[in-house]
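For reference, the structure I am asking about is given below.
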Amino acid sequence: MTRPTATLLISCPDRQGLVATIANFIYSYGGNIVHADQHTDFERGVFLSRVEWQLDGFNLPREIIAPAFEAIAFPLEANWEVHFSDEIPRLAIWVTQQDHCLLDLLWRQRAKELPAEIPLILSNHETLRPIAERFGIDYHHIPISSQTKAESEARQLDLLQEYNIDLAVLAKYMQILSTDFIDRFPKIINIHHSFLPAFPGARPYHRAHKRGVKIIGATAHYATVDLDEGPIVEQDVVRVSHRDEVADLIRKGKDLERMVLARAVRLHLQHRVLVYGNRTVVFS
Amino acid sequence: MTRPTATLLISCPDRQGLVATIANFIYSYGGNIVHADQHTDFERGVFLSRVEWQLDGFNLPREIIAPAFEAIAFPLEANWEVHFSDEIPRLAIWVTQQDHCLLDLLWRQRAKELPAEIPLILSNHETLRPIAERFGIDYHHIPISSQTKAESEARQLDLLQEYNIDLAVLAKYMQILSTDFIDRFPKIINIHHSFLPAFPGARPYHRAHKRGVKIIGATAHYATVDLDEGPIVEQDVVRVSHRDEVADLIRKGKDLERMVLARAVRLHLQHRVLVYGNRTVVFS
Amino acid sequence: MTRPTATLLISCPDRQGLVATIANFIYSYGGNIVHADQHTDFERGVFLSRVEWQLDGFNLPREIIAPAFEAIAFPLEANWEVHFSDEIPRLAIWVTQQDHCLLDLLWRQRAKELPAEIPLILSNHETLRPIAERFGIDYHHIPISSQTKAESEARQLDLLQEYNIDLAVLAKYMQILSTDFIDRFPKIINIHHSFLPAFPGARPYHRAHKRGVKIIGATAHYATVDLDEGPIVEQDVVRVSHRDEVADLIRKGKDLERMVLARAVRLHLQHRVLVYGNRTVVFS
Amino acid sequence: MTRPTATLLISCPDRQGLVATIANFIYSYGGNIVHADQHTDFERGVFLSRVEWQLDGFNLPREIIAPAFEAIAFPLEANWEVHFSDEIPRLAIWVTQQDHCLLDLLWRQRAKELPAEIPLILSNHETLRPIAERFGIDYHHIPISSQTKAESEARQLDLLQEYNIDLAVLAKYMQILSTDFIDRFPKIINIHHSFLPAFPGARPYHRAHKRGVKIIGATAHYATVDLDEGPIVEQDVVRVSHRDEVADLIRKGKDLERMVLARAVRLHLQHRVLVYGNRTVVFS
């Protein structure tokens, strides 16, 4: 299936006829739906849906789809977005010194597992520049200190704009972003090296070892102003035993981190994740 | 959500407008969809869907729903069925001598995890009759031998009819059903104690131990005339090690068997499983 | 392997020759080791080991084994215990109103998965008395209120002594035991319905749902005076999705709870768990 | 723990005193055991053990350890080997056209997860030569055809000898080795892209998709003359659904393959795997 598709992500107050309304909009212009999924949160009275249809034979010019749908969405008080599968999102990867998540994302992008371009790598260290050079990706080293944080973030935001970035991936970027930054650029996925909400914050593997847990985890979530409190996209775990020292937890955790982060990024890039409140609906 | 719902399961050749057609049917009579999921098998050109809507406020008498929908389904060459959540399916459980799957299903039914009535237990042994008596369920002991097989199956079919059974669950019933039987009563879920297609047939745990596998599994599938070849509904696995002898595999496997069988039965009872070809779509 | 064995659990400051010392003790009296495992925590300088040997042909009367080994253990400053596989431990199960863990433990004990006798069930409600009666187990209903807590615990301790209980299993006993109680009877395994240290305390499934986690867990641990802070014996997890409401988390969690608790109790009964500090070594 | 250690792997007919005999040998020369694990296969009467001790303070010159231990092992009819942690094994990686397992192994070796040198990559294609060049590893392209197979294998054996290779890793090398080859160089780990014994041979993902399984797997095993029948070192699985087409199975499977292969290679390199019969004991 490499023919281009459009994908609608929508959430609105629940009412009768929503599935029919959306399906009729697509059908009336000759669209063939290839994936439709829907979820209703009855407690909060929220309808959420993802619909993907083929653009071949769809009798509405691409640039008219959004305005046409807005006429339908407005009375529903809906939040919605439409994406086209042949408009490739642009990713910036943020790193500090660890290379495993970065290499994994780059490898997957080359292997066509991630439908994205990666034109930019940002770091507060020089360490991983050789990787960027090998892959032919621009690498910007922006040191961070408490004195220069505001200035550094301003430069980061400039770069995100300059490179026309759609999604920032914090691939073991061991720095906290300011509230102001996240307000201005909210499309950020972070990987935290614990099974949240266990062990938020620093040194989770050391604390997991100290607590004597039998399973460790990793969590990919959207970054929010509350550290490690953002909407969770994906989690996974692995067993550990008394034989595993902190170094073993770190080693096993690296595999978790790259798997979980890669899955979350892929789900986001395929427009399969809807955020509402502090939760996600993942149409997988 | 204890208000009654209707659930449509449908499969038909793929074409444009199917989602809209179904959604419009429900909406036009004032139905509120609570769950809609859809899958298209592009390779085979098959559209499959599950739609569930509330019956409160649905302006079509229950007995008219099926004929009304047939008018829509006929030109689509669709296979379909409609179920009502307050019409409780009736289960027969078939056992031989092991009690773990039986007890698990009975406990879950009492705990309201399985929306079903269980009026009948069938066995080729007397062993588990006390369990049936404790739960107040009729227990029929039908011995099986190669000479009496046809006669025994005739009696089993009579009982299924007499008790108005919708689904037969082979909960470690260690006998093979004839082709004729399955033709006449095809709604049968079986639990096989291996990760199919590994180790079909007899003594899978012994063979898994001999082969030195590091993981064992269990498989719930619809029974077909080809032994252990029917459409798979659910599978799960557990790690084993060199320390596990055959008895340990059997012990660990029992937990797998009861979990996997219970999940498959629940999915079936909630009308979440669509069979096509030798595959299942599970709308979970 | 139903021939009786002795099992030594030992921990002491690490030094050279400990494996040899223990093995020689057993070999010098003609013992055949069937399982020997050892772990050294280098950070803390602690040696921990489990050794199991056959009593057939062991030339030391059973009642002399402990004093004879004390002569070896004393200079090592060791903590140790010896158990005999044909001396069946006695379990008390504590419940409140939920039956799933209780039924699971009773079924496993009957199925010979748990090498234990279960002469006593304690509860702060009458609800589960019929289960106790069906299995022929004494059931003591001891209501708890803030006024009567001390008195109730005194009565509980009396019962543990009267029934000669080796291990108390809190099988969804939704009450906190006092420090004094745990000091007097420290052999207690509790099941907590979350993946500790996430969601300690009350209503973990509600909080997991609110947080939007993608995986839930259960934790079996030894009870200590700090609630949900005791040494962890076993944990397991299961995936959940946006479709799972709190009731689904509770349902899925029940399966986790009974599996995890049963595994932890079995490991303890087989003398496979060594506690040191707030951690466990599980020789599985 | 970077101080050098010696590791003994031993298997022999079970008898009394084996643990003591081995521990005494080490203790008598002042060795400090850091890991001792033992397994007895009672069915076959086989004792198997792994013992690791620190060489610092061990009063036996390294080159005398093997002859000295042979004096003990000979009367026990034991198979045994001793390895030293600072003698780094040499790996050859065999590939065809897929790069994911190769890159993963190389990354892990650089990240010090694999205690090995990797001086040689062998392939029947030129495709992956650039990777070898980037990592500074010799790459030998040896085309295979039915006419040249014997000749090619002779050249491969020469290279293994020339590079002094201890372990060959078939990292998606899609060719079958001859019986003669395996007889001459039996230390080979292969990754098979299915949950063996399900789907041995060609195109396992296609066959898994056709069968409609709900879980797929990968298996790392020692190569033997019977294809996909060798002793299993490690397996793992991942869930799939009706939404996963063959391409998705392949994508998910790649992650499994590199994880499972890496774990198996690491276990082998740490001398944690003992083969007996067609089974492995993994002292992890």
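All chains are identified by letter, namely A, B, C and D, in their written order; residue positions are counted from 1 within each chain.
Here is the rule we use: contacts are C-beta pairs under 8 Å (C-beta built on N, C-alpha and C of every residue); 3 or more make two chains touch, one makes a residue touch a chain.
Keep in mind the model is a prediction, meaning the values are calculated, not measured.
Comparing contact pairs by residue number, the interface of A-D is reproduced by B-C among C-D, B-C or A-C, since over half of the pairs coincide.
Chain pairs B-C and B-D differ in how many C-beta pairs they share in contact, with the greater number at B-D. Chain C has its Cα centroid 37 Å from the Cα centroid of chain B. Distance between chain B and chain D, defined via averaged C-alpha coordinates, is recorded as 42 Å.
Contact of a single residue of chain A with at least two other chains is seen at positions 243. On chain A, the positions that touch chain D within their shared complex are 100, 103, 107, 111, 113, 134, 243, 251, 254-255, 259, 284. Interface of chain D with chain B (complex): residues 39, 41, 43, 195-199, 211-215, 217, 231-237, 241-243, 245, 278-282. In the complex of the two chains, the chain C residues touching chain D come out as 1, 16-20, 23-24, 26-27, 30-38, 40, 42, 51.
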